[in-house]
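Following are the structures in question.
Next, two complexes with chain A in common: one pairs it with chain B, the other with chain C.
What follows is the complex of A and B.
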């Protein structure tokens, strides 16, 4: 037998659900009905949402997306490793290692402050222009390096924020147990720090997944460039919509997963 | 001499009060009494000289003024604007009457925009460097297949590459001519396919050690590269433009302009 309070709350909930469904339905209806009434809708539909063009170009786009995945796959581990090293270098406390610390700081400042596309152009065309022989002048090689440089600077900053979030008393405690500074970092600080910043790093890797497309500027035919070729040949923007859908199919689940990790962490800490 | 004649004709036309449009074009332009013509940003040699179409110098600039004159627009009734490729194909109202920047006519593009009859049919040419030629590249399809190819992704050179040469390795594609030449300079690609006039310019001016290895004459290709003026789909001006271009062809004026501004390319070997 539900109490009066329970009955009241159930009714309130039902009402809230009804209102939410009603207002969402209204907005969707307005979009579905009103947008096609715009005078240019037919032209927009032909240019951006053309079923025939979509069907014709989608397999080629999927195929080109394999290139994005490959570039991502060899960049991501290198970025993680380089970012970790940079973060540790920035946190060095021994006075003799100050030059290393300064170099790491300068590196992070420079590459975090430059637009990715600029670094890709400079490194992707500039270094091979010095006259390197094949295969050492490959745009895949130098373009990937550009991504690694920029993203390892971001990752280093995220990891550093993790390191700084571990209270100094833990270092003191570790040292009083006889651990060397190196072991303190390895066995006490890093395991906690890295775990804390996993969600933030997930977001960076989602961004990287999208920025891989920038490599197309120096030659590789990945999904963005392939869509551009179709766009040019068919004078139609639908291939870009197709490419966007493929990106979303990867990035939305990844973002949800990052959100999930973050909320789990929050629960664990509270 | 031709140059002198053109200049004096221009001066004469400029001196006259605004000429009336032929009945055909009247009331069909965006701005009454003015023909708005779009070109690229920047516009490249030899199509437009010094990125200044107003001077009427360069093949497309000259064609534009001859066309305008044929349609009854004096030189001072021509207004220039700039668009990218994407701007010219996006849906919605256009801010130009006609757009000429080496747009190749294809049936797929013609579903979205209107093209005039072609004003130029181009051979495709292979641009490469002296180093690649020294390494043994020859103007034969068999030899070209083994090279690493590049092309401007926004051009019909991409499907042409597959049709004419079918390279063994996947070509690298770039956003514009400058990037293609940068990649060639960096040794990342061996060769690139361009329309012949653009290739002549790039090999002579832009690329260090640039060489034109050979050309595919238009009749070799099933769909040769034909340039047309681009207009908004259903633009009523199309018939006037077509009629005027037809008249320019019949009178030999178009061939004359071509001879003035586009280099004779018979010296470039034909690829077997």
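What follows is the complex of A and C.
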């Protein structure tokens, strides 16, 4: 038997859903009706939403996207490891290790402060320009390094914010048991900090997946580059739309999942 | 004999003088209670005893050794002094058992069956044998605080410090934590407590110290402090809390 309150809330929910569906329908209808009335619509449709071109290029695009995934897959663990090390280095307190701390701080400041594409150009063109022998002149190698440098700086900052969010009483409890500062960090602070910033780091890795496409500017044939090849070949922009759909198929679910984790953490802490 | 002896301990945060010449002696097997208004310096005093805060002046002797000497490594001292906090401060990402075993493993290098048997015995002794594998957020406040006590005891400290360990608890959970203190008292543990549980202090303390603005204004056996306080400020405080 539903209670009076439940009946009331069910009715409210039905009404809200109805209103939402109605207004969304109206907006979609307006777009469907109005956009084709624009003078350039037919030209746009032919060059961006060409079904035939889409069908011909989509498999090739998917195939090229495997390269994006591969680059992501070898960069991500290196970024996670380097980010963690940088965050720890940045928090060092022993006077003898001050140079390490300063170097980590400078590294983070520099790579967080530069546009990704600039780092990719400088490293991706600069280092192979030294005339290194194969395979040391590969743009895949140096492009990946550029992504690793920039993103490990971001990850380090996120982890550091996690470390700072752990209440001082946790450190006091660990110290009062006689744990060394190192063990306190390793067993008490870091595990909590890293867990707390999982959603923030997921958002960084989603951004990384997108930024892999920037490597196309220095050579690697991944999906963006492949779409460009098709565009020139077929004189049609539809391959770019195909590439966009492939990115969204990965990034939207991943973003939703990160949001879900974040709200679950918020609930758990309140 | 004096287990812990403080002479002329001073501590300031900036211009705020929080401990203003504390003299205090805690003998082996004794229980000393610190009472006083909030902000009078009780927590700071306990944190100084455990070297969580460096003192500015004076000395703290543990078994005759000056542990407050500037530049001295605080770690070995902390393993000899257990501390329990008002907010439990369990490590939330570890089970109760892992909380208790961490320091014996890392600091004392203990492991294996010897450690796990000893830890299981501690849990059993304080009625938590069936809670060892629970995470802190699966335990009531009273249970969490008992785990925190077990965690400190697992290092086999010579003296235990308790900072208002029942203040964050729901009233019906205070009793189970005070029972643990009674048990420790009966077993002869040396203890220093900051507490608002006046009934408890009166029942069990050997010495009660009234702290006021960073000084021990008055101290003595509980009967004297509670029944014939000499200082007007002690009387005013007691009339507010009793």
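One rule holds in what follows: the second predicted complex is superposed on the first by the 257 of 270 C-alpha atoms of A that agree within 3 Å, B and C clash if a C-alpha of one lies under 4 Å from a C-alpha of the other, contacts with A are read in each partner's own complex, and residues count from 1 in each chain.
In this section, a residue touches a chain if its C-beta (ideal position, glycine included) is under 8 Å from a C-beta of that chain, and two chains touch if they have at least 3 such contacts.
In this text, all values refer to a predicted model and were calculated from it rather than measured experimentally.
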Greater chain A contact set [chain C / chain B]: B
Contacts of A:60 with chain B and chain C, given as first, second, both or neither: neither
First, second, both or neither for A:139, with chain B first and chain C second: first
Partner chain in contact with A:176 - chain B first, chain C second, else both or neither: second
Touched partner set for A:129, first chain B, second chain C, both or neither: first
Partner chain in contact with A:191 - chain B first, chain C second, else both or neither: second
Touching residues on chain A, where the partner in the complex is chain C: 169-170, 172-180, 183, 187-188, 191-192, 195
Chain A to chain B touching residues, read off their complex: 40, 43-44, 46-48, 125, 128-129, 131-134, 137-139, 216-221, 225, 228-229, 231-237
Residue ranges of chain B in contact with chain A within the complex: 85-86, 89-92, 106, 108-109, 111-113, 150, 153-156, 158-159, 170-175, 179, 182-183, 185-189, 233
Chain A-touching residues of chain C, taken from the complex the two chains share: 47, 50, 52, 74-76, 78-79, 81-83, 85, 87, 89-93, 102-103, 106-107, 148, 151-152, 155
